[in-house]
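One chain, chain A, links the two complexes that follow: it is found with chain B in the first and with chain C in the second.
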Partner chain A sequence: MERTAKLYLGAVLVFLYLPIVVMIAMAFNRSALYEMPFTFDLVWFKALAQNDRLLQASWNSIWIACVNAAIATTLGTLAAYAFARYDFRAKRLLQILLFPPITIPWLIIGTSMLIFFFWTGIGRGLHAILLGHVALSLPYVIVVVSARFANFGPQLEEAAASLGATPWQTFWRITVPVLLPGIIAAGLFAFAVSFDQFVISYFLAPPGTSTLPVEIYTSIRKGFTPEINAISSIIILFSMGLMLIVARNYKFGGDN
Partner chain B sequence: MSRVDIQHVTKRYGTFAALDNVSITFNDGEFFGLLGPSGSGKTTLLRSIAGFIIPDEGTISFDGEQVESVPVHRRAIGMVFQSYALFPHLTIAENIGFGLDVRGVAREDIKKRAAEMLAMVRLSGLEGRYPRQLSGGQQQRVALARALITRPKVLLLDEPLGALDRRLRQEMQVELKDIQRETGITAIFVTHDQEEALTLSDRIAIIDQGRLIQVDAPQTVYERPATVFAANFLGDANVFRGTPVAEGLKLADGTVIATLKPSTGAAIVRPEKLRVAGGHKKAQGNSIEGEIIQAIYSGASVTYRIRTKVLGDTPLLAFIQNQTGEVLATGALVTASWDPEQTIPVDA
Partner chain C sequence: MAVSRQTRTVFALTAPAYLWLAVTVMLPLATMFYFSFLTASPLGGKEVSFTLKHYTDFFTKQIYWYNAWRSIELGLYVTALCLIIGYPAALGLAKYIKGRWREAIFLLIILPFWSNALVRTFSWTMVLREPFNILFSYPAIVVGLVHAYLPYAILTCYISLQAVDDSLIEAGRSLGATPAQAFRRITLPLSMPGILAAVFLIFVPVIGSFMEPRILGGKDAIMLGPIIEGQFITAFNWPLGAALSFTMLGMVLIILLIAAPFLKKQMAVG
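Coming up: the complex of A and B.
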């Protein structure tokens, strides 16, 4: 029984991580055609440094993901605060409306955004991509931060008010710090939703502008080069490092 | 240290009146207990004084100054919550100092005052701990110190000892009372625990369905309850109903019991005021014949439940001091008697 379980676990890890490991290894292999034996070389990283299109696309992606995380986390936290602390008309309806965008296929959302942005004159471009990403990640942020609110009643804020704290002081010194693990998790979520996003970015990117996933897709269609392995490796190591730091500092679902 | 004046305060939720024209004055330095069942409005009253609830009608004043439109953070109150509501991300010292910190008091002064408060609640040395590292009783003390550090006009306590176990609760009752005396602060607390109300309060208000039933010293509320509800809520009571006659109260079976004062149709007698003797024989004062249906021996005292014709299904309750070591058996025919002065007329 235990053997089967271990085997199963091993299989899961292999299927999850082996392709990534192979890709990272190939980024350091001299051959462009995945030929063995493995010969260590940084040639693809050097080539990457020359590839302005790929670098520009990476920079666009990082920039959009960061700005998106900042905007979506701010708006989403405020929305979660309103849901948790105020009663207003149609609150329940609005809460229910949070979920469809998560389940509607991105292809459909992307198409409708393209049509809508074209129709309203917003057009295409990095600003349109950012707008689309914010709209897309907002529901995730609200759901994640609301979960944090669920085990945080109004008593702490009432206690702060009773001690003389203004609503502003209470928000910054009590509400935000207590919610912080949730806010950070939501921010990472928003970053990931944007950074991973292909379909919507693809639809909203005008010719000559692209994000990393869009650029990778375009390059693969033109003919694969290991430079993509190189940039992907950098991103994987960076994001895994980030996640490990977060995982070390925050227990899953627990307090702090 | 202030006088808190509540005048004609009403708070409605839809058609339900959580507070129904309540007027009450809390005197300077008084320790005041609001006692009532859950949903009676006692918490609504406390939260109205704090400023979390704005009454629909009526006025609330601190030392003659109306505060209904003053927001919570400018009311100069201190509040202790049932759940303590300590800030989990701040240390004990930071929790206690919070009220001074938001007022912009200098760091050094905060530190000094926080240390004083910690000493007062006997928690010196725990400055650097976090709330989750403290026991329930310790958290309770921190909450108290935090509420008192700003020298509020009035201290409000919402079921302050409700989350503690019995032993700790009794210990904390003594401590709470001492601290209140020391600081001389006006303190108002909400409880549904009658023992807590009797032990701590200088005066008690019994609240039911948004109305004040009785406001008096604990002893008065217990010995001279105003209504059947007050009598039953604070302690146990045998309730007699009948028609008022010159001598007292005429019960359904024709028995007349003498009352302390003329009654309006109901009177109570506390179970510990009864005497119980074997056999059916006329005793001095008021007396009723019956049969013991339950005898509970608890060492220092014996509790009898006695079936009587006039009370029907409701047994007559008697608490008897164990002076002889004898216990009357279940099924024994007995006569319960008591003094007319202990027969207190109440409103139905």
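Coming up: the complex of A and C.
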């Protein structure tokens, strides 16, 4: 039975990784039309280094993802702290309100942001994209940090308080250090959510300014440019590397 | 005054996050709902009035309800395929593979799940050409979406299957159940929460997808998601796009409400 299971899962993994491997291989293939035989060449990576639009978009994406991670992790950790340490009447409601950003299709969230931001004068642009990304990241951050709180009772904090620490000192010297693995994992999650986000950015990007996924989508729709393979290969290896770090930092079950 | 102090602390801790969510999610959804009843976008001092036209159009014009049905159909195909492929994978992983192998395979399955969806969709354009030759067709959309959502199905089913106590299955077997009976009467009902979670996590975003059909579907891409996108990106008929978005949300809610008691009963009877 174990053999059959391994064979079947092997087939599933082939399905999951086949297109990714083919795409990375084609990034190193000389032919622009994905023609065989395979001839190794770095021509598309060189072309990428010359493509100012893609480089600018990459820079925008990294910048937004970093700021997003900082904001979402801060706000999310504060809210998770309130959920873990206080009992209050609206708690259940506030937790339910985290579902819409995750469960409503991004198409609807993105278009409603477009309408609202346009209507109120917030407008489109990198600031609007950042506003949207933080909203999508917050629920994940709260869930991940809350999972860390589940194994961390208030006893340590109470002990610190009874020994004379102020609430501020207790927070910085006890709560934050104990939560740190969860906070780091949440921050990396938030980075990934933003860095990979396409739909929301697509509706909020004005002509001329965009993030990497929006720029890639535009290039794909216009007809292909093979540098897209090169940048896509870099992105996918980067994202997977990032998630490997998260997985090492934080087992997906909450047990440290 | 301990109570009011606690209230103040809780408020200070939660207000920033929820204020942010209000401005970026709740208020936009409310505004979109308002727009969906207007004759035109109230921008630039334009004269507008209330109308139900966009909603009635949905039911009277074939292009909308027919393509909404196409989106639902796509959601059903993709969800079913993800479960058919993903459930056995989760079962194998949870019950037949142990130790380091399990950890390694599990990690390999969830890795692509968090990587860029757009890039993964794009990568299929290179595979589906020769010799398969199904690029720019309906099957290509299905393949791309199954690839995108299969990890969800495996993940949720795996979590619930792992929680099924092996001694229950052994007890059933010792009382004379065949392996098939033990699976059908014990394992399957107990893993129903994972299946339900997968259905919800896959069906809803698939109905709202537009990027995958646009990249992989060619002329078969026309369904509700791409039509809504078009209202905002090319046609600039925001009130119609808003009404179609809310119709889509309503459809999703109704389908889930219809499915919920039925699926719950399945869980209880099992």
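Keep in mind that, in the parts below, the second predicted complex is superposed on the first by the 241 of 256 C-alpha atoms of A that agree within 3 Å, B and C clash if a C-alpha of one lies under 4 Å from a C-alpha of the other, contacts with A are read in each partner's own complex, and residues count from 1 in each chain.
As a working rule, a residue touches a chain if its C-beta (ideal position, glycine included) is under 8 Å from a C-beta of that chain, and two chains touch if they have at least 3 such contacts.
Worth saying up front: this structure is predicted, and the values here are computed from it rather than measured.
**Q** Counting only touches as set out at the top, which of chain B and chain C does A:A190 meet: first, second, both, neither?
**A** It touches nothing on chain B or chain C.
**Q** If we overlay the two complexes on their shared chain A, which of chain B and chain C does A:A205 touch? Say first, second, both or neither.
**A** Touch status of A:A205: no partner.
**Q** For A:Q169 in the superposed arrangement: first (chain B), second (chain C), both or neither?
**A** first
**Q** Taking the superposition as given, does A:I64 touch the first partner, chain B, the second, chain C, both, or neither?
**A** Neither partner.
**Q** Return the chain, chain B or chain C, that is in touch with more residues of chain A.
**A** C
**Q** Quick one: classify A:A160 as touching chain B (first), chain C (second), both or neither.
**A** In the superposition, A:A160 touches chain B alone.
**Q** Of the partners chain B and chain C, which touch A:P177 in the superposed model: first, second, both, neither?
**A** After superposition on chain A, A:P177 lies in contact with chain B alone.
**Q** Where does A:L54 make contact in the superposed view: on chain B (first), on chain C (second), on both, or on neither?
**A** Neither: A:L54 stays clear of chain B and chain C.
**Q** Considering only the defined contacts, which chain A positions touch chain B in the complex?
**A** Those in contact with chain B are residues 153, 155-156, 158-167, 169-170, 173-174, 177-178, 180, 255-256.
**Q** What residues on chain C touch chain A, complex-wise?
**A** My answer: residues 6-7, 9-10, 13-14, 16-18, 20-21, 23-29, 31-32, 35, 41-43, 85-86, 88-89, 91-93, 95-97, 101, 105, 107-112, 114-120, 122-127, 129, 147, 150-151, 154, 200, 204-205, 207-211, 214-215, 225, 228-229, 232-233, 238, 241-242, 245, 248-249, 252.
**Q** Report the residues of chain B in contact with chain A in the complex, numbered from low to high.
**A** My answer: residues 50-52, 71-74, 76-79, 81, 83, 85-89, 98-99, 102-103, 132, 146-147, 150, 156.
**Q** Across the complex, what residues on chain A touch chain C?
**A** Residues of chain A touching chain C: 1-2, 4-6, 8-9, 12-13, 15-20, 22-23, 26, 34, 75-76, 78-79, 81-82, 86, 88, 94, 97-98, 100-101, 103-109, 111-119, 131-132, 134-135, 138, 142, 192, 195-196, 198-199, 202-203, 213, 216-217, 220-221, 224, 228-229, 232, 235-236, 239-240, 243-244, 247, 252.
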